[in-house]
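Which chain is which? They are A, B, C, D and E, in the order written, and residues in each are numbered from 1.
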Amino acid sequence: MIEIQNVHKSFGKLEVLKGIDLTVEKGEVVTVIGGSGSGKSTLLTCINGLEPIDTGKIVVDGTEVHAKSTNLNKLRQKIGIVFQQWNAFPHLTVLENVTLAPRKVLGMGKAEAEAIGEKQLKHVGLGDKLSTYPSRLSGGQQQRMAIARALAMSPDYMLFDEVTSALDPQLVGEVLETLKMLAEEGMTMICVTHEMAFARDVSDRVAYFHKGIMAEIGKPEQIFNDPQHPETQKFLASVR
Amino acid sequence: MIEIQNVHKSFGKLEVLKGIDLTVEKGEVVTVIGGSGSGKSTLLTCINGLEPIDTGKIVVDGTEVHAKSTNLNKLRQKIGIVFQQWNAFPHLTVLENVTLAPRKVLGMGKAEAEAIGEKQLKHVGLGDKLSTYPSRLSGGQQQRMAIARALAMSPDYMLFDEVTSALDPQLVGEVLETLKMLAEEGMTMICVTHEMAFARDVSDRVAYFHKGIMAEIGKPEQIFNDPQHPETQKFLASVR
Amino acid sequence: MFDTALSAADLIFLAKGAGMTIIVTAISVAIGTVLGILFGVIRVQLGAVLAAPLTFFLDIFRSVPLLIQLVLANAFMGMVLHLRFSGFTIACMVLSLYTAAYCAEIVRGGIGAVPATTRRAARSLGMSWWQDMRYIVAPLATRVALPSWIGLALGVMKDSALVYVVQVTELLKSTQILITRLQEPLFLLMICGAFYFIISFPLARLGGYLEKRWSND
Amino acid sequence: GTAQADKLDDIIASGTLRCAVVLDFPPMGMRDENNNPIGFDVDYCNDLAAALGVKSEIVETPFPERIPALMSGRVDVGVASTSDTLERAKTVGFSIPYFAFEMAVTSNDASGIKSFDDMKGHTVGATAGTFEAIALEKQINEWGDGTFRPYQTQADVFLALSQGQIDATVSTSTVAQANVKTGNFPGISVVGKAPFDTDYVALFTNRDEYGLINYLNLFVNQQIRTGRYAELYEKWVGGELPALTVPNAYR
Amino acid sequence: MFGYTFQWNQALARLPKILDGAAVTMEVAVLSMLIGIALAIFLTLLRLSGSRPLGAIATTWVEVARNTPALFQIYMAHFGVASFGIHFSPFVSLLIGITFNNAGYLAENFRGALKAIPETQTRAGRSLGMSQGQAFRYIILPQMLRISFLPMTNQMVWAVLMTSLGVTVGMNTDLYGVTQDLNALTFRTFELFAIAAVIFYLITKIITLGARAIAWRLFRY
């Protein structure tokens, strides 16, 4: 369970998160939508402790993320994250990309890590690219590899930050399919996305962010058919 | 008058122009359309002698372009050309871009060149950008600057090579407007373009190139409404 | 072709000088690279303000002629601190710091060339700072830095010609000694220059080649 | 305080005497065809080591680096034909003179220089940091005509002289004779004396090492008494033995 | 604490002389840069000329300059070429040595810079009626110098540092030479060279900061 309680966060003078409260249950898929600069990405990087927060707290499975005593490297093993920019490690093959963290962080043996890596890469449809270098992959393939890389750590939670927005339109579909598959398998997920159809189909709940505030959260039918907050209405009108 | 007579041209083994015949009268606007690699750009660079030809001849106002005795630098002063890629000189301001050739090639004084430069820049709608550097201009503004730069040499002919194809859609219009204006002022022009509406509206004649051959040439109404050559029909069907 | 009094013993003498050039270079580049990586990482880690003293210290080695660095180090160690270091030791110490100063810049550039987002991805997989450095930053930064580093190593070899001021008889000094005896300056200088060239040129080419190859993918 | 070992003790204890010697200064210091150090100063250092009962080690030092080599602890004693100037004595401690030089003018035959005064208006050179270089540069400045060039080594000076880059040089007469004699430098000759004071040269060590300085003084005296000085002079220089005492003066 | 008594006043009393030396050092460095840039442009043109022998000459120059020690080049300029009966004064020898080095390094920088300038720039110039020379002079050259500005600044710093090698060819009027002469007189090695070091440091700082200011004023595009 991820519990976010009254989180405030500023970059210098700019307050980016202005008191966010959100609880994500095990097995739930929460989609976050909202305008550019509303703080969506920042929230995700706070959840796995890549960014510090100012006040409030974030608790993941009973561990307070920003407590001094927390071993962040350990915590991050259970929270996978995939970013908008493809972050392939260019000097490693696809399989090596995926097995690096299991081997070095979890201390797995080579054979074991490769078995897991292959399984995850097949899972995302890259079973035939194991020894290819990332520069030979399309953007969509790179994103799927990044997903497999995160999955290879057997995370309990997955965070996705606009994983399709840097892709060519024809590559978006394959990545969204992968996300859908994960959701169906019961993964707990927070997805920041601009793909409204995806949000509507896959989410248990949809949250709308506006200028550092979670303006509205609810079932997808409610948010998309009957938005309460005027900003949500405006936003949905603009993206349709 | 530009007379092109049975021009052949190869790059290595690849024959790019396979016997082109075309005469452009003073004041005429000829538009060249055709598939990628059909030799359109090559023809333009042959006309002002930037590329040599293999056989045939090109005569501009009685001067044979590729004759040994021809002073190409002099000839090029009367043939302006604007390319697809914006070729702004990045180290010079907009006004300096435009006045450089008049000053160094025609030996004009600074004041005179600047008067002409300002006039031409105003003409293309850049009167307020004189001391800006090109990097601060949009693609459309850079193309208009390139047009002004060519006009500042008071050319008798202007060649345009897909001047809008590298532009964002919303910037295409402003450049086409400038071309239209030049056509209305009576400039003799050869325009390579993918903008069919423009070709139809502005041209006196439209030529269709296919694999190094001028497959068809005629009034725009005829070419667009009643193309004779099967390739022209296919091409026009594909771009509609 | 040349009528020369150069004897086999003289050639051995020259070879010894060349050996000294190579040894001084190898030691200095080895130590300097280790220090340079350390300083470079510290500078990146601390940020411009906190690392300012280190930056200033390293900057000195790039802003004062090597000849003066050697003379001063020599004078300081001996006259002021009364440490009995051999000229060879002083030469290696100064050249090591000299190398480190340039190497730190190269390392900084290399680390800077690794996209922040890639490092973020590594950390988000649970890798520690050290693992990120070891498995992601080091291999990627090396590609960027290696060509410059080769250039630096060759530069140090050429600059090692100056250690004669602390009584280390390297190649150029050996050549000068032979010129004293044999009075064939041009011929001897050609041999000496050829030696530097033969070592430096192929490696410099290799650096250029690597730079081209790695900047393409 | 506790009794401290001084440098003399250190040398005896370490078993090695390290001498600064200039090796491009024939016949005082030079190299044989195997590039091993030889010369008057080399023998003198060996004698000193033998007297101390230790091995000797010759450390080659160019002229400008002699004193820095001592000050930086690289050598124990300078046996390097070093003029005992008062300016330098502020920094290092000198023994009594162990050798004395006359200064000679050597010129390139093509220059037409036949005497010291002929050098006026010409380009001349000497070894940077030496007694004669300092004196010659001063003379050129007094004449106000001509150019002075200091080279790093005595060898470079003679190289430049034989190449015609400089027209003449002033050096110790022994060096001049020795260099001309080698035949390495065609077209140069010793043409006369330079009217500089006799250049007395002394051994040197750290200013405060009185024990060692005392020892050096006695050693120089013994070399003369035992005839070894005359023997070495004959071996390396030849001719009339210069006096090492100054008339009408102590020390 | 130290067994050495610093006598800064002795050394500082000689500061005016040392500063005169600094002026000579700057003179050599600036001249060697100006001539070096001109030669580097010339070498670049030779390499662009398409002529094999001319290109080979330029390439040899560049490779020798970059692959042998500067000290060697300076020594060669004085004692090496004198074997042919060509005599240069220490000042000229030093200047030749450093200029040779500068030209080689700069020519290589220029080559890299040219690669960064699109071919279409020359085309655009030519199509306006400019001759090949005019297109190079007014369009390519300024961009090339702009791209090479930082390497040129570094080279200028190196030129300043390289002047210290002049002592090997009998130079005694530059910053290092003056300092060495004074050292021979007084043996205040540490103090004198420390002062010289500080002056060298200040000169290089002035050059880098000055270059930054110039770049800021000059290259506003």
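Definition applied: contacts are C-beta pairs under 8 Å (C-beta built on N, C-alpha and C of every residue); 3 or more make two chains touch, one makes a residue touch a chain.
Quantities reported herein were computed from a predicted structural model and do not represent experimental measurements.
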(request) Moving only to chains each one touches, count the minimum steps from chain B until you reach chain E. (result) 1
(request) Go through the assembly and pull out the chains touching chain C as well as chain D. (result) E
(message) Measuring between Cα centroids, what's the chain most distant from chain E?
(response) A
(request) Would you mind checking which pair of chains has the most C-beta pairs in contact? (result) C-E
(message) Based on mean C-alpha positions, I'd like to know which chain lies farthest from chain B.
(response) D
(request) Overlay chain A and chain B by their C-alpha atoms and let me know the rotation angle in degrees, rounded to the nearest 5. (result) 175
(message) Roughly how far is chain A from chain B, centre to centre by C-alpha average, rounded to an integer in Å?
(response) 50
(request) Please compute the C-alpha centroid of chain D, do the same for chain E, then give the distance between them in whole Å. (result) 37
(request) Let me have the rounded angstrom distance from the C-alpha centre of chain C over to the C-alpha centre of chain E, please. (result) 20
(request) Provide the C-alpha centroid distance between chain B and chain D, rounded to the nearest whole angstrom. (result) 82
(message) If I count partner chains per residue in chain E, which residues reach a count of at least 2?
(response) 4, 79, 82-83, 189
(message) Quick check on chain C: which residues sit in contact with 2+ other chains?
(response) 71, 75, 79, 82, 176, 179, 185
(request) For chain D, jot down the residues that touch at least 2 other chains. (result) 68, 71, 156, 159, 163
(request) Could you list each pair of chains that touch one another? (result) A-C, B-E, C-D, C-E, D-E
(message) For a test of understanding, state which residues of chain B touch chain E in their complex under the given definition.
(response) 48, 50, 73-77, 79-81, 83, 85, 87, 89-93, 100-101, 104-105, 133-135, 146, 149-150, 153
(message) Which stretch or stretches of chain C touch chain A in the complex?
(response) 115, 117-118, 120-128, 131, 135-136, 139-140, 143, 217
(request) Please give the residue numbers of chain C that touch chain D in the complex, ascending. (result) 7, 9-10, 13, 71, 74-75, 77-79, 82-87, 90, 164-167, 169, 176-183, 185
(request) Name, in rising order, each residue of chain D that touches chain E in their complex. (result) 63-64, 67-68, 71, 87-88, 90-92, 123, 125, 128-130, 133-134, 147-152, 156, 159-160, 163-165
(message) Considering only the defined contacts, which chain D positions touch chain C in the complex?
(response) 23-24, 30-31, 33-35, 59-62, 65, 68-69, 71-74, 153, 155-156, 159, 162-163, 184-185
